[in-house]
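The letters A, B, C, D and E name the chains in turn, as written, and every chain counts its residues from 1.
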Amino acid sequence: MSRGITQYVLLRALMIIPTVLILYTIVFIFMRILPGNPILAVVGTKSISPEQMKHLMHLAGLDKPLYVQYFDYLWQLLHGNFGVTLAFPMGVPVADYLRLRFPATLELTIWSFAISVILGLLTGTLGAVKRGTKLDTSMRLYSIVAYTLFIPWFGMILQYIFGVWLHILPTSGRINPNVNLHTITGLYVLDSILTGNWSAFVSSIKHLILPSLTLGIVLSGAYTRLVRNNMVEVLNQDFIRAYKARGVKDWKVTWYALKNAFIPVITLMGLQFAILLGGAILTETTFNWPGMGTFIIDRIEYRDYNAIQGAVVFFAFFVGLISLIVDVIYALLDPRVKY
Amino acid sequence: MLEVENLTVHYFTSVGIVRAVEDVSFSVGRREWFTFVGESGSGKSTVAQALIGLVPPPGKVVGGKIVLNGRNLLEMSEKELRSIRGKEISMVFQDPMTSLDPLRKIGDQMVEAMTEHGIDEEEAREKAVRLLESVNIPADRMDYYPHQLSGGQRQRISIAIATALEPCLLIADEPTTALDVIVQEAIMELLNELKEKGTSITFVTHDVSLAFERSDRIAVMYAGRIVEMGDADELVRNAMHPYLKALLESVPDVCSDKEVKAIPGNPPDLRNPPKGCRFHPRCPFATDICRTQEPELREVENNHFVACHGVV
Amino acid sequence: AQNKAQNQVSSVAKNKTSQSVQASSVVIGVTDKVTDLDPANAYDAFTWEILENTMVGLVKYKPGTLKIEPALAESWEVKNNSTVWIFHLRKGLKFSDGTPLTAKNVVWSIERVMRIKGDPSWLVTDFVKKVVAENNTTVIFYLKHPTSYFLALLTTPPYYPVNPKYSPDKIDSDQTAGGAGPYKIVKFVRGQEIVLEANPYYFGQKPKTQKIIVRFYRDATTMRLALQNGEIDVAWRTLRPSDIISLEKSNFNVVKVPGTYIRYLCFNVKKEPTSSVLVRRALAAAINRSEIASMVYRGTVEPLYSLIPNGMWSHLDVFKKYGDGNVKLAQQLLEKAGYSKSNPLHIQLWYTPTHYGDTEADLAQMIKSQWESTGMVKVTIKSAEWGTYVDYARKGQMQAYLLGWYPDYLDPDDYTTPFLSSTANTWAGTGFANKTVDSLLKKAQQIPNQDERAKIYEEVQKILADQVPYVPLVQGNLFVVTKPNVHGVTVGPDMVMEYAYLYRT
Amino acid sequence: MLSSIILKPVKAIFGNRPGRGFLIAGTIIVLAVVIMAIFAPFIAPYNPTAISSDTFSPPCWKHIMGTNRLGQDVFSRIVWGSRIILYVVLVATAFSMVLGIPVGLVSGYYGGKLDRVLSTVMDSIYAFPALILAIVIAVVLGPSPMNAAVAIAFVYVPTYFRMIRGQTLSLKGQLFVEAAKAIGARDREIMLKYILPNLIPTILVVFSLSVADAILTEAGLSFLGLSVTPPTPDWGYDLRVGQAFFLDGYWWLVFFPGLMIMLLAMAFALIGEALSERTSTSAR
Amino acid sequence: MPEMLEVRNLKTYFPVRVGILDSLRGKKYFVKAVDGISFSIDRGEIFGLIGESGCGKTTAGRSVLRLVEPTGGEVIFDGVDVLKLGKEELRRIRRRMQIIFQDPYASLSPRMKIGEAIAHPLIIHGIADRREAREIALRMLKRVGLTPEEEYYDRYPNQLSGGQRQRVAIARAMALKPDFVVADEAVSMIDVSMRASILELLEEFRRDYRLSMLFITHDIAVARLIADRTAVMYLGKIVELGKTRRLIDNPIHPYTKALVNAAPSITRRERREKVKLRGEVPNAVNPPKGCRLSNRCPFATDICRTKEPELREVESGHFVACHLA
């Protein structure tokens, strides 16, 4: 059994490859459809001799035919190398940026994820248990309203209330710059715990609250809906009535129902994580969060091919990894799954 | 032992009130096998669920009494009810595929049914093993998940769980409908043994042959009402209600070459049941009074109840 | 401009006297980025600011002025018709990590720039033929042609000696070893912050504040919030006009610094319909600079009537002859060019959305509205991301488009040659070429006498206003907004803030 | 709660059925916005792009939603802005339906290698953060409503494809399809006459939910400046510009555009929710 | 009576869905749903096929019509081997071979008016144009008792009860005037009170059209009522075949005995001989060696566990596959 599962995990991991390849190809094609290139973005409005232009293009490897560029980059990727940036500044390994930016996004998404799941479970369960009542309708409405909140708008309103008006929470950044934090993982909360840095801990938590609340609430809507609907379905199943007919306590029955309702929710989580990453872009923009989202937007301005390709490939890989984890959790939780 | 009087259950759905069960009265004695038989939608399951207080929303018991061993279940608090469920009254459901929690080992589910009623874990485990053996399932299946067992096995486990605390009343709602005849036969045997041991059984089925083959007493339901009730032998020999007569004539039999006769028409829509006797649109003997006045369930002979204006 | 700058310095001086308890660190917020810590490749205004605070060249501007004063070099001599420049270094110079700094380091660093051929390398290679270290303290430059403004060039980062830790022949973007400036870099996190500490080996005055933290913000709003929340002490480049105005109202100190960056509109003189000089003049006349300054920039910029900024010698308000928002003149000119209300001029106006800040779209809208107020123009606004925009410009694919200019060195030459010399202006894509202008500009580069040069530049500006390949719009001011307890804001006309004078009580 | 504000009047008319209340509320909002878009010239009191000196006027009788930094009337911009968002979203949705539905249908019906390749590609795109992909595409294509529509369409094709393919797969296994085969129907007839009509409820649900999603994506793109060029009024873009002034107390610059985005997305989501409840209950 | 259909050694195997591990290892398993069955049906005859759930009855019926591709064997319909036909020929022959499914809820498209559902096959086969097809459909509706037919024509399936839907399904099949019909559990999902009428309807069609029918059921009582001859299936094989009454009243194979014995009956209130099978139906992926019933049969001997019994004629027209018969 346990050998089975490791093999399953390994094989399932192989399935990430086509996903990454497909996204790389899409981005590669799109990035090169239209004029402009990173070197021009760097040179900008300065006069530069054709020789120097050529020199710079050569440095960046952009003088090669497109298909060569395509496979060159793929070849690099195979060696775990994301290439170097092509603009502002040139030549910095993209991996350095990812190492710097990704933990920020990860920290934001993890917290938002936790918030959305907890909120979703609470509201969804509440709605399902009280199905058909006003409370249920409210919860269903909550799910819709939350889901359709426009992230920057909602974020700004929170900023206004808690940052400007009440003045109790910071509205941008990840940590107070005057706090010195020795980073290990790049996840500030974790780092401050690891290094026993109390003030960094407080500061990073404070900075996390608004962005993760924004993103978390928005995404909780989808969970509310799914949990509620699954719960309603599960609660209508015979085994739930069978539990009750055996005199099992209500909270236990609800818990078992929740466990069953949770199984399909797990599948959603993989996809939801992708949406979370998308939402993170807007959240990062609104809260000046130095993560992947803002990185990608910055890099796009300069047509930094390598950086965008690298970021997309990395994201694709990460999303693949998440869905792998989700599948494994699913397989572990649901005894019916065959692998 | 169980006395039900004027039980009425309605489903308050968004498209109208479904009068699933109306004015149903019956009693089940000790060691008795009492069967509800009727077509789909006639309200059998609703009665069964009402007995144990588990009518699913939007259904509500709107009237009547359910007296078990002298106590009216409808007046009990949720907590009291819970303490009775599983211990004095328990239930087996129709679909063995869905009546066990797919995520938990069957052993755990069995044990829980007992520990919830104050039996300690160890004892419960031992008892669970014995119970499994009593329904002919090897004890090592304790660690199996429901999907690893066949439908028949699952249904036997459901029965084992339901009878773990030796309740005096076991409600079985079509426990064999999803199963094959050979398995069905085994389950019926099992229920019969339980009855012999002293459990009363309230059985629900749409299979007329099955109902009449096994039961002591039978209530025939039509559109939410009992139309005829009495000893099984008596009813076969001396069916009085036109519906039951027609029903018995429409069922083919393995053992005889009798011709079957179809019943004309369709079952009524319970949201909007026919006025008067609910069977009158399909009844060849219907008279004016049948169209206007609802017949009451009357005892026509000793222990033989019929609800028909045509029966004197 | 010089006058204003001096006022600035005197206020700095006043602040200096009232010393009380000083904090050991000041946090500065910016929306710019440090792109590249290698002076061989860095080529944007804010990165140069960091480089100028952590490195220093042979000469530098006197804080807050256009006057050049000695830095690493104590003195210098000019020979051979401004083609040989000899510099004498101070003794006992050290880099910020204590490594001795000699003439050899200076030469090595400049040769490194020439070797690497990075972006700003032309500031060296276009002028310097050879640079040699005569001995440990003497550096001699041999120039390609007489260059009257060589000292101005020397103040730019490509000429700064860098720590020998820099890779000798590769761009070293993340190198924090720095040079010999007043500060050294102790921490650099891309996109987040850079932390500076006073350089104990600096030859000049000790900085007022031991530690400077610069935080990078993605946009002005978040930076402003950070200032309001007390996360930063100084909000530096670039707040939006609206932010500055409202911050000033709510008790923050706002220091206005005249800038030397200019905004202008380009016309493609080779492409219909802007190939017609009448059209170009008409469109220039329809532009209302004061309306732009007040509505788009909310009074934070000054109208500009020439490419050479106000306050720089030789500046002439040559575009005043068209007036501001002179709809009548515009209509006349358009009619002459054959357009009318029923046959309006159709034109595309391009801008780039992020490179020049959020106000850019408003600027485009404003110009559209002004042009259309003639009733004879129909404007379509178009935009492209910077990388594409630049490509379109170079290829001459746009008709009318907005650009801006940050000077590389402070001399009228840098505001004329790159725009008007037909060999140097290919980047701008206007296609403007004029033999007279070409030869005038060449001449001005070689004459050492400033008055004679000024005459030539005046003449060039007149041709510019006549031909209208560019329409100067506004000249930027810079604003520093600080908490009330922050003093010593010092920004020179090169728009670089000198952190060494900054302190907080 | 909000529920009572929206549902109360609806309930008063249509009774106590949340599904129906949702449907009605959603339809009303959508209709209102559509009417706003169609009759914009008659509804908007001012030219939405006209610059005036009456800047930053707070909501008042003259300007019910105030004016912005250029003195443009916010309400007029909101009214006209509905055109852009509807246009982009509907064009995008039409594109992705036209691509996603037939391909999903054929792919699911025939299965085989092509199906596997298509599914892998679609799943990959689907699993990737849609907004990020849309941003990359929109930036590259340049800001214009059509390009934004293309970018959005691209990322939503997989939504339709997967849904349709999945449904087709399950319908394909249903008895009535087998029955159609048994009466001798051709593949094309089976797909068009037996499967497609049964996909319509799903399509409607996916349509409303993905339109709700696309509205937010469009708003996201224009918030990042990738959908329209000024002075074209657009909710997402106006919100973005308003952000700069929001904290100075000019709340109306942000509040109204954001509210409209939410309302419109919510309207479609309400419809989708109601429809999906309907299809799931009418299933049996 | 001439033979309408002859099935020879029909086999249908299904690949079993495996986890990705096995699929990548290239392992394949098959459910031998139908594993070599032979029988023939005469013109106008109703041939019953009974057995427990999962024994392969439905698969047999679908294989005969090639709604699933059989793995092997022959299906001779009116002299033609159906399994050898090309796609278009198959489509054409389907006019003459129809099927009625078990689940009346699923066998009609929920989005198609029932009138159209009946008319469509006529149009497909070019038997009638649109208007004529409507006429015929209306006639069929009346014929199966859905009157007023004009009103029923425009209804959708969800507006009908199960019994009514089954009538529609029958009307659809019969509209083509087929020679042969597979009725797969045609009454098992219908309300008790309606079953008899459906059975009557099928009887009528058989009489009127001289229809041959493969009548699949798990209800022995129903088989007894309607089938002329009956075959009993167990795990993909026919274990006993003969005249229905003879088979039910005097079963020979232990499995048939158990089956008949287990069937409930109103008139018989106690069991006859107790033939009890042990355990459960084994997995069809991996059936027992020898006789497939050997692990459950109370009479099993060594030969049963090693050698597979042939279907032998023990009396005229009565076949049994049991070593002990």
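The rule is short, and it goes like this: a residue touches a chain if its C-beta (ideal position, glycine included) is under 8 Å from a C-beta of that chain, and two chains touch if they have at least 3 such contacts.
Please read these numbers as outputs of a predicted model, since none were measured by experiment.
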{"item": "Where subunit C and subunit D overlap in contact partners, by chain label", "value": "A"}
{"item": "A-B or D-E, whichever has more C-beta pairs in contact", "value": "A-B"}
{"item": "Chain at maximum distance from subunit E, centres defined as averaged CA atoms", "value": "C"}
{"item": "Length of the line joining the C-alpha centres of subunit B and subunit C, rounded to whole Å", "value": "90"}
{"item": "Gap in Å, rounded to a whole number, between the CA centres of subunit E and subunit A", "value": "54"}
{"item": "Rounded Å distance between subunit A and subunit C, as computed from the means of their C-alpha atoms", "value": "39"}
{"item": "Whole-Å gap separating subunit A and subunit D, where each centre is the average of the chain's CA atoms", "value": "23"}
{"item": "Residues of subunit A engaged with two or more neighbouring chains", "value": "34, 159, 164, 285, 300-301"}
{"item": "Sites on subunit D at which at least two other chains make contact", "value": "139, 142, 243, 246-247"}
{"item": "Per-residue overlap in subunit B, given as positions that touch at least 2 other chains", "value": "none"}
{"item": "Of all residues in subunit D, those that touch subunit C in their complex", "value": "49-51, 53, 55, 69-70, 139, 142-143, 225, 229-231, 241, 243-248"}
{"item": "Interface residues, subunit C side, partner subunit A - complex", "value": "25, 27, 33, 35-36, 38, 41-44, 117, 119, 121-122, 170-171, 173-174, 189-193, 213, 215-219, 222-223, 225-226, 228-229, 231-232, 354-355, 384-395, 403-405, 408, 418, 424-428"}
{"item": "Touching residues (chain side subunit C, partner subunit D) in the complex", "value": "220-221, 224-225, 228, 240, 242-243, 246, 295, 353-354, 358, 361-362, 364-366, 368-369, 381-385, 388"}
{"item": "Contacting residues of subunit A [partner subunit B, same complex]", "value": "131-132, 236-239, 241-250, 252, 256, 259-260, 263, 333-336"}
{"item": "Touching residues (chain side subunit E, partner subunit D) in the complex", "value": "62, 65, 67, 91-92, 94-95, 98-99, 101, 103, 105-112, 120-121, 124-125, 158, 169, 172-173, 176"}
